[in-house]
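Both complexes shown next keep chain A, but they swap its partner, so chain B is in the first and chain C is in the second.
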Partner chain A sequence: MSSTTAPPRAEPPPPAAPRGPGRRPRAGRPDRSVLGLMLPALVPVVLFSVAPLVYGVYLAFTDARSGRNVDVAFVGPRNFADLLSDGDFWASFQIGLVWAVSVTVLQLAAGMGLALLLNQDLRLRWLARTLAMVPWAMPPVIVGLMWRLVYHPDAGILNATLRDIGLVSGDIDWLNDFSVALPAIIVVGVWTGMPQTTIVLLAGLQGVPRELREAAEVDGAGAWRRFRSVTLPQLRPVITTITSLNFVWNMNEFALVWVLTQGGPGGRTRLPMLYAYEEAFRYGFFGYAAAMGVAIVAVVLTVLAVYLRRQLKEMR
Partner chain B sequence: MRRRILPLTAAALTGALALSACGTGADDGPVTLRFLSLAWQTESVEANERLVAEWNEANPDIRVEYVQGSWDNVNDQLMTGFEAGDPPDVIHNDSPALAGFAARGYLADLTGMIPEELKEDIRPEAWETATFGDQIVGVPFLQESQVFIANRELLEEADVRIPTPEDPWTWDEFAEASEELTDDDTYAVAWPLGNPVNRVLNLSLSYGGTFFEVDGEGRATARMGEPERAVLERIHDQIHTDRTADPGTVGMSGSDPLPAFFAEEYAMVQVGVYARQQVEEQAPEDFDWVTIPTPVGDTAEQGAASQTLSVAADSAHPEEAAEFISFFLNAENQVDLALGDWLLPTSQQAAAAPELNTEEDDWNVATASAQNLVVAPYLRVQGFDEWKNRVAQPALEEYFSGEIDIDELSERLETEGNDVLSRYH
Partner chain C sequence: MTGASRGGRGSAAGRRAGRTAGRALQYLALAGYLVFLGFPLVWLASTALKTSREMARLDPTWIPLEPTLANFAAAFGEQDLVGAAQRSLVVALASAVLVVLIALPAAYALARFRSRLNRVALGWVLVSQVFPFILIIIPVFMILRTMGLVNTLAGLVVVHVTFCLPFVLWMLQGYVRGVPPVLEEAAAVDGAGRWRTVVSVVAPLLAPGVVAALMFGFISSWNEFLFALILLKDPQVQTLPLALVRFTGPEGVVRLGPLAAASLLATIPSLVFFTFIQGRLKGGMVSGAVKG
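Take a look at the complex of A and B:
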């Protein structure tokens, strides 16, 4: 294992956070001046993250709904009980899992390919590296609008291209077809998320000592073998980190899919977050929507915990 | 890193804002009203802006600020605005949305604030679309009726009688004419059924199909009997049995089929009256089109909703807002608004205006269809929006694309539908 890379912990740390070599031993109790210094940073965190979160969790146990002069009552775990028997929610959850897992896996595969390529000594490498970052620079709403044009059944460039090379004859309505809508948005998800995966993997690749690969080459290992036995194990912590982060992001994706399909057709692309949004802001059931939010957080944390534990164990 | 907004956090924030926001407090200076308008056709936006400018010139004490909104997201926007206690003062919307907002107490009761003259000028059937309980929560001003636009040449070639408002087709005659009009490279009808719910429900009234029963306490249940099935089955038959309607248009919405209609792939296309504008603008020079009324069943009735102007209950100046609405929607101005959107005015004086009764662009046919508009029964249903999006929309899509039959459709509209509706009891 590389000595400069800390193993990821249960809460996803920023990728490859360097640890100072000479950490001072911690006192049992933080002293006053440290608290004073932390306060300015803590206030916004408490105000804008912790407080809304706590309020959201509280809402999940109430029957809060929209309206003027509505009495909100505490209903205990009733929202969660309703959630368990809500077929639509589970359908949406399943869609969310399919989406998050496929986007994360494909992002990793595509990002790895691109990172390996950009790690080579290519001419104009600086340009290629810059271009690879373009999707990252675009706000999700713009990406959504752009891809809606690409997928447009009559005027879209995708159908036009497919027609030109003779693959299809009619128009495919990518975003409104029950069977292709989900794959179509997954492609967009991969496209948008690739840059940060690529850049993190590229950073990781540059940390792999050249000597190791050279040594393997001298020992007669081919390109594939070098990748599998030298590069990949070295990259493992980076892969674990970026995959976990990507999974969380993708599970919580909202803006992109909202712009592309609004969850249609017939709910086939309704990710859990879109469902919660509808529940809260279209139909006005705030309490129930908050319960969905809490349930999603719980499931994401569980999945992550299991995944990270396994990864950490294998790395030891 | 990409920024994410968790709806959870957003929900929490909205709630927090609702607690902390309160009225702006009256001051003595000129009053400012925000007017959220959803006009989008060029002529209509121009008419809206011009009327606002006229008002501001005549009433320096009540300044109206024009805010452009969009039909796509207006209800989400309003919901957050209402919850935060800071909605626009004057709100443009349509009656299906009003029902839900009115039930939650977001809209001001305008009953005592509308001048007698305006009250009498607007048709009573239109007032019904904006009256919930005993409260008038909006002033209805534009209505949409359903029509067909036909290629006159193709109808004449096939020797098919062209129906008029006085002598419309029955559904049977419509089916026969469709057979005549269909040949190897032309379908008789294009039914764009991408967003079918409101339209199909409105048309079903010709056989008395109401789809819901509402009890004395306002609790609704979904119901699928013979009257409800009639129009659904006739449309379905055209697509899947008679093959007189193009199955390819089932996923389209609104005016999507127009280009193929101009290319003579269909003889008729089913649209709202406003689509005449696109036909007029986009049709080839020598294209001869005619607007024909929808077929009659037991009656010629169609369900209708209205576009409305409402005042937010949280507005600090409800009376001034009502005054502005009364000016904005007087008969003279309704003529301009109707012309701008190619829709039908609710004002009877406006409907009599010569501009709205010429044969040019078939305004006479369009305006005549207003006589058959009655309030759509679903407007009284709490939870209709969710029933529509969660249950009816996907179920109807599957029905019209031939994946399920009428019995399964009825079953879903009732069983799944009542699950949804029971949340609102």
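Take a look at the complex of A and C:
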């Protein structure tokens, strides 16, 4: 990762290293002291994330309930069969995909636009840079509360402004309307996630060699051509990375949507995370909720694998 | 966006006109971004400065008619919020200190020795970025219940430490790598033991990294919502994000002012942190994350 390596690592390991490569003997038996130093960090990680991960997968095949002394029986794939015929789950799943894909795509488009602007020599750039950092720094709960104030049907500024422009006559209850609630929270998702995407893309843009673009300009390529055939291919690895991360993060989103709508109205914004939370902690179906978790993770991994494979192929 | 010379190979005058038009479009787009990014923040601030009488008006205005700081005073007068803020502070401080104490030796080991654990640890850091929380919240809850840590701040600290550990570990090992090993060897030659070397040579040089890691640990915990929601059912032990979400209650509009004020106050720690590391983010950390 870094070029500043310790001297024992700077020289290549001797060909006849007694215990395989990568284990250079050093004063004080490195392996044991390494383990000693790592132990305090390993214990919590194993106890509270590796073990739960394994246990969670196991729970998905049981009928575990929330009570303290409940008998837990292994039920095989029954939970998954139930999932397949659970209409609410499919609805929630669909909402989750619409949410994650829209937010990810819009984040990329909006973030790319802003990054290109910030890469130009414009006045007020500092203000945009600073403002772009703020949503990143804000706690998700506060972001949700803030947008609830914006969307508030009576006291919110959005309805007041739209009324003043004459776009709407009545009050729209943005977060409680069946048809606009999902788009409304998608806007908030883009607002929160765009800064990170912008910063990463900007870092990538600054890594694109200037000579390449200048050469294209000399050849008479217009701005759009230069962007499509010079900048974009150079940015591809960065775009692939941030898009994959954004997709997973958006699929994992909980706090923001919980604060905004709690999944309402009528489940129209109930992302899979919210649905699983309700099943587990409101109704106590631990096994069933765990099965949901497994199914969601499986789908996310599949989507990612397909996407990454395509990107890799096109990069070649 | 970079539409400066859309005219391509037109006449010089045409190109100049095109360039000016392009610039104008760029400023227009920038203005659009500024409005989109800024207006919710302005509205939050505006709401925080309004009187409760003004909040009840049907035609809200951008600028408070009679600006007041009463909402901030009201927020400080709310026992629920103040108590929750104190608990959040305790949890965040404890998490930050604990995670750095745990991560520091491991970071040192990762940066200085080469072992098979390096790969595993780094892989775990990556996985942690895309961790399926949905899969582990239930088992984590069950484990903590068995340990009697549900509804306790200690339980929340344990969870927060675990889940910001990977990133803190990665941050710190970067800082350890930045300390030239030559210095340690010099100290060793001078007869200092390993422990002595670490304490008196490495630690002072690591101080800025440790501060950054402490702040990161603090902010992660201060902002965290999902685990707090699951673990802390009893209102007596709830943290600030939970208290804020529950604050408005049935009284609705009247309490929006104090809520906005409290929200602004609750954002301050994160803002301080991000201002502090902004330079680093733009330079080292992000490019490191991108280039791998």
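Structural remarks
Heads up, the rule we're going with is that the second predicted complex is superposed on the first by the 266 of 316 C-alpha atoms of A that agree within 3 Å, B and C clash if a C-alpha of one lies under 4 Å from a C-alpha of the other, contacts with A are read in each partner's own complex, and residues count from 1 in each chain.
Simple rule for what comes next: a contact is a pair of C-beta atoms (placed from the backbone, for glycine too) under 8 Å apart; a residue touches a chain by one contact, two chains touch by 3 or more.
Predicted model only: the values in this text are computed from it and were never measured.
In the superposed model, A:67 lies in contact with chain B only, and not with chain C.
Touch criterion met: A:281 reaches chain B and chain C at once. By the document's definition of touching, neither partner reaches A:305: not chain B, not chain C.
A count of residues in chain A touched by chain B and by chain C gives the higher number to C. Once chain A of one complex is fitted onto chain A of the other, the partner contacts of A:290 extend to both chain B and chain C. With both structures placed on the common chain, the touch criterion links A:232 to neither chain B nor chain C.
Once chain A of one complex is fitted onto chain A of the other, the partner contacts of A:315 are absent, as it touches neither chain B nor chain C. When both complexes are overlaid on chain A, the residue A:266 reaches chain B alone and has no touch with chain C. In the superposition on chain A, A:88 makes contact with chain B only, not with chain C. In the superposed model, A:35 lies in contact with chain C only, and not with chain B. In the three-chain superposition model, chain A touches both chain B and chain C at residues 49, 51-53, 55-56, 59, 68, 136, 140, 154, 249, 252, 254-255, 273, 276-277, 280-281, 286, 289-290, 293-294, 297.
Contact residues on chain A toward chain C in their complex (touch as defined above): 1-2, 4-9, 22-24, 26, 28, 30-31, 33-38, 40-42, 44-45, 47-49, 51-53, 55-57, 59, 68, 110, 113-114, 116-117, 120, 122, 124-125, 127-128, 131-142, 144-147, 149-150, 152, 154-157, 160, 191, 194, 199-200, 203-204, 207, 217, 220, 222-224, 226-227, 237-238, 241, 245, 248-249, 252, 254-255, 258-259, 272-273, 276-277, 280-281, 286, 289-290, 292-294, 296-297, 300. If you check the complex, the residues on chain B that touch chain A are 1-2, 4-13, 15-16, 75-76, 79-80, 82-83, 100, 103-106, 194, 248, 251, 259, 313-314, 383, 385-386, 389-390, 393-394, 397-398, 423. Contact residues of chain A toward chain B in the complex are 49, 51-53, 55-56, 59, 64, 66-70, 88, 136, 140, 154, 170, 173, 176-177, 196, 249, 252-255, 265-267, 273, 276-278, 280-286, 289-290, 293-294, 297.
Residue ranges of chain C in contact with chain A, taken from their complex: 1-6, 8-9, 22, 26-27, 29-30, 33-34, 36-41, 43-44, 46-47, 55-56, 58-62, 101-103, 105-106, 108-117, 121, 124, 128-143, 145, 158-159, 161-163, 165-166, 169, 174, 177-178, 180-182, 185, 194, 222-223, 225-226, 229-230, 241, 244-245, 253, 256, 259-260, 263, 266-267, 270-271, 273-274, 278, 281-282, 286-290, 292.
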